[in-house]
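One structure coming up, written as structure tokens, with questions to follow.
Read from first to last, the chains carry the letters A, B, C and D; within each, the first residue is number 1.
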Amino acid sequence: MTELRVGLIGAGRAGRVHALNLARYVSGARPTAVIDSNEEAARRQADEIGGAQVFTDVDTAMSSDLFDAVVITTPTFTHRDFTVQAAAAGKHVFCEKPMSLTPSDCRTMIDACEAGGVILQIGFMRRFQPEFVEAKRRIAGGEIGEPMIIKSLTRGPGLPPNWAWNIDRSNGMLAEVNSHDYDCVRWLVGSDIERVYAETANRKGAARGVDVDRFYDNAVVTLRFEDQTLGTIDGTCPADYGYDARVEVLGSRGLLVIGDVRGQAILEVLDRDIGAVTPVHRTWPERFAEGYRHEMESFVDSVSERKPAAVTGEDGLKAVAAVIASNLSWQEERPVGMSEVMTK
Amino acid sequence: MTELRVGLIGAGRAGRVHALNLARYVSGARPTAVIDSNEEAARRQADEIGGAQVFTDVDTAMSSDLFDAVVITTPTFTHRDFTVQAAAAGKHVFCEKPMSLTPSDCRTMIDACEAGGVILQIGFMRRFQPEFVEAKRRIAGGEIGEPMIIKSLTRGPGLPPNWAWNIDRSNGMLAEVNSHDYDCVRWLVGSDIERVYAETANRKGAARGVDVDRFYDNAVVTLRFEDQTLGTIDGTCPADYGYDARVEVLGSRGLLVIGDVRGQAILEVLDRDIGAVTPVHRTWPERFAEGYRHEMESFVDSVSERKPAAVTGEDGLKAVAAVIASNLSWQEERPVGMSEVMTK
Amino acid sequence: MTELRVGLIGAGRAGRVHALNLARYVSGARPTAVIDSNEEAARRQADEIGGAQVFTDVDTAMSSDLFDAVVITTPTFTHRDFTVQAAAAGKHVFCEKPMSLTPSDCRTMIDACEAGGVILQIGFMRRFQPEFVEAKRRIAGGEIGEPMIIKSLTRGPGLPPNWAWNIDRSNGMLAEVNSHDYDCVRWLVGSDIERVYAETANRKGAARGVDVDRFYDNAVVTLRFEDQTLGTIDGTCPADYGYDARVEVLGSRGLLVIGDVRGQAILEVLDRDIGAVTPVHRTWPERFAEGYRHEMESFVDSVSERKPAAVTGEDGLKAVAAVIASNLSWQEERPVGMSEVMTK
Amino acid sequence: MTELRVGLIGAGRAGRVHALNLARYVSGARPTAVIDSNEEAARRQADEIGGAQVFTDVDTAMSSDLFDAVVITTPTFTHRDFTVQAAAAGKHVFCEKPMSLTPSDCRTMIDACEAGGVILQIGFMRRFQPEFVEAKRRIAGGEIGEPMIIKSLTRGPGLPPNWAWNIDRSNGMLAEVNSHDYDCVRWLVGSDIERVYAETANRKGAARGVDVDRFYDNAVVTLRFEDQTLGTIDGTCPADYGYDARVEVLGSRGLLVIGDVRGQAILEVLDRDIGAVTPVHRTWPERFAEGYRHEMESFVDSVSERKPAAVTGEDGLKAVAAVIASNLSWQEERPVGMSEVMTK
């Protein structure tokens, strides 16, 4: 079997996770190029994985024959064009979430990959994280009966980069942080979202003088699914206490909880006035380390065996649409049906 | 100190909890009468607490001089009249939640008790449950910073009685099951609710042929508080897996979780295909045993020391109003401001 | 039914727990006398329970007709004489653990109570604590198969009183702190201990200049039961982090764990460098609040229904003997069979 | 950097773990030979890792120039000779635990590797497992004060192979299952064991007619360390409920617990009569997946950077000696000092 040669578009934090996984853990693939307009970052990444061609320009890189697939981890607003370009060059595409800024951009990406005959996979790594996989297996197997209520949350520490604060450049926190939740609830419930209602607040951002009409750092979203399941998604960023991602699914027969605030298999008790302390998950690369490895293995498998991607462009599009609907909801203070936004 | 003599109006399940607590655990008070139109139930209850006068008629009971206070645990639609009657007779009132069916009925009760110079306390026992008390202390003390998101849920096993299925007789599940959540989130956050949005579903009820337009057994409610805090409440009844009541409060500095699905200090591991098993809470009297005792002690203290009730009629009214607003929301498919319903 | 009148011998910390339970929570009994050579302590205790006769002298108290039963919570070395005296006066005896200093003293107490026709119950309240009761039910019901290994620990904060540091006055920490473990493992396994081996250390005490040959503040004991079950008991006092009592029973089919370091149904996460914090149990009265109530109810039931005590003098004797054997073991650096010490 | 070529001696279960890690996850090394007298097993293993030379005879393999290091996973009684042979051939040695059958055999291995100028590392992977690493860091940093009591347990499902049942061929369960505990407690406490006392029982084996004088499937061992720390180790195999490895360290300032019976970040509640269920760890390769990877990375680092192994032959020897002492203890029913057995 020939190894799949991968060009990494983006040498930031997510790019590094994929780079290291491709270099160390994923059999059948290896990173051969790093493309980033920040040459120093690109070179540092190339060095860390034991060497790879460095490009500062995507056009040049795409026209080379150094890679068969790309992993796109640049800001959301670049995803559409890089994907279209890669597809035109016959290169398979692994694109980080959020897929793009609008459903119609997502559609363009899907069409381009179909036309180019290349695989398109979206980076919803939770679908590959062992406890999520096991949960899906149990729900689909009917263990908890029919899903009735699903609640998913993601909270992360640290300041998002500037473009992610700008709702017009990124769709804001619900896109940057909660895209995973929107995808996950659809996948776990096995039904599409019918309508959403969102409330948001600007708590820490306000103090920093950002535009309070366009920015939010807390959100709570109510979901109604096509099969009558109800749900909530909530997000907060920055949440100083760590990285927290949990899902709770109530079915007609029982309850299933994925994840735990207590993130590590160690417990320390120092003081009876404090209590028993268990370390939390600190970062998303640590929380979802296995998911990131397995999604990349799955992508390489799809390419080498010419089988459909495990997470498709349609999945990516639906998550983008749900975010758009949620933003419309809080801006217009009304529930928004998904049908309203699917072709925006 | 003279003992407070208490007349128990209602000999059902909640009545029994209060009866036993008054008989065994609350110093300074004792149950002297049991009033229930079901004479056999009243007599059984009287016997269990070592004897008390039995009445089948509230009017007769009220005109007696056998008790100084009443504990009302009859169906919601009876609360207003029994309270007004008790207040007129100069008897203090402990009234189970939900306080009444409408904010204006609640107002009538408040006014009657003020006019009668009697204490009125509403049965939100979570405010007296040790872990809730401790949580309130920590939040009010600023330990987690300013509250940003609060999520509260209550799920109970078993079928509600018929009148509780009838939204016109009870305001439905959000009133009967989730009243506690509506009160608790206000109390913990320290701010009033500004508006609500609710989604409901009729999952198990539909199979039983109940009126699907008026009935629901699953609900998810989004909350916006006056101080910008966001929240969710969700309820499910019947939820076969046990009685479950948990709250999660995210503050600007940290997270606080009240309650645990794992209800008992015992763990059993039998089979590696199943895993580690911890018993859940099975019933609300077991889950909130301490809260029920302490709220009654608090009521007796208020009466004997002539100090205001720890949970007032205003608190009861606000919970009723929030339920009314939530029901309006799912029926009209729109967010509903609290100001719309406060005088309904 | 006539109420059982109880004389409290000892107005210390354990005495207060029983006094309050008798005054508030145990139907069918009430404390009528408090006996303590420290008159101020006795009076304070009498006041707290709403009044009781105060005695500073046991002889005088015993000759009065003010109580039908005694609850003995004075230091261990006084238990034998007070019990014999009470039995001679026809008064039932509830005696705190450890029962006495030697098996032969225990035998004297048992004989005296039999001769006096009075009930003798030893204060092993864990047998009445809900999660221990449930564990016993499961083990006896065969849920985990046959017990193979049992591990029990008790650790407590705070300095023991002087007499408890003196091995000749109290048998030391294994008696004062771990008596409960010795009783509990016998009860849970359903078999008697055959031999013990103990290692001890003097860690914090050494710094205080106590006699290191006679004192220890850490102990680990290996147990072999008559039915081939193996076990360990460990104790530490003072253990600054709180009060901790847990048991783990491994059976041929599964594992059962009683208790949890995480003592309260609240969790707080403040800082990702610390983690998720759950309060521990701080004190034994809080940890075993229910056990203390139920054991006293059981004692009152035994007396009023003239049925055998739930925890007998034989149980008390066997715990004392196991402590004696353990002390002999670490002093002589060899395993010690229970048969060696049963009549010491 | 040249890749380290590794010959795998043993194609059983532990061999497979190392083979896959070397093939997929450990940069700087690759498996080039599989040696097993069972040719089919060797071939299957070679195929699974994408090809490697197969040998059925260690002599032939050793004389080849196909590998620079060996990973020995054959039964314990073969470790000495294979290590000596490898050292003589100038090949570095990674040897699974238990290191050998006697301290003097361990000494022979250490001497041979020193004479051959090759690295010798023993397979105590817990020292590389993240939560153990973190625990060591905290203890060494003084977070819990001075260790006072350490308790370590290992229990595993499944029947051990025949040679492991034979105490003369393997030193029995304490060697095969609990070697890790003996190493871990020394490492975590930072002091050597001074003496041990062991009790054992033959519970499930007896039913199978094995020699009850030489066999045991349950053991409890008391430890006294040179620095006065006390400890226990317990082991059970087979323990049907899963693979369980936990350590609890009590220090003068606090408590630290490593590991959790609840092994996976998923919780399911189906039935209020059962309760909340969390899957346990099922197997040791799953429980210590990360430890196995990191220990092999550490070995490769030691070789390539010519630095001492992280787990030395002396560590292996001390664990073997402690097992020997424990076996002597239960056979002679007395505590056994480590000095008695260090040169056996």
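Here is the rule we use: contacts are C-beta pairs under 8 Å (C-beta built on N, C-alpha and C of every residue); 3 or more make two chains touch, one makes a residue touch a chain.
Quick caveat: nothing in here was measured; it's all calculated off a predicted structure.
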| item | value |
| --- | --- |
| Greatest separation from chain D - chain, by CA centre | B |
| Comparison of C-D and B-C (more C-beta pairs in contact) | C-D |
| Chain centre separation (chain C, chain D; CA means) in Å | 41 |
| Rounded Å distance between chain B and chain D, as computed from the means of their C-alpha atoms | 56 |
| Per-residue overlap in chain B, given as positions that touch at least 2 other chains | 240-241, 253-255, 257, 261, 264, 267, 269-271, 279 |
| Chain B - residues contacting chain C, complex | 23-25, 27, 50, 130-131, 134-135, 138, 143-144, 253-260, 264-271, 279 |
| Footprint of chain C on chain A - complex, ascending | 157, 240-243, 261-264, 267, 269-272, 274-280, 282 |
| Residue ranges of chain B in contact with chain A within the complex | 146, 148-149, 151, 155, 197-201, 203-204, 218-224, 228-232, 234, 236, 239-241, 244, 250, 252-255, 257, 261, 333-335 |
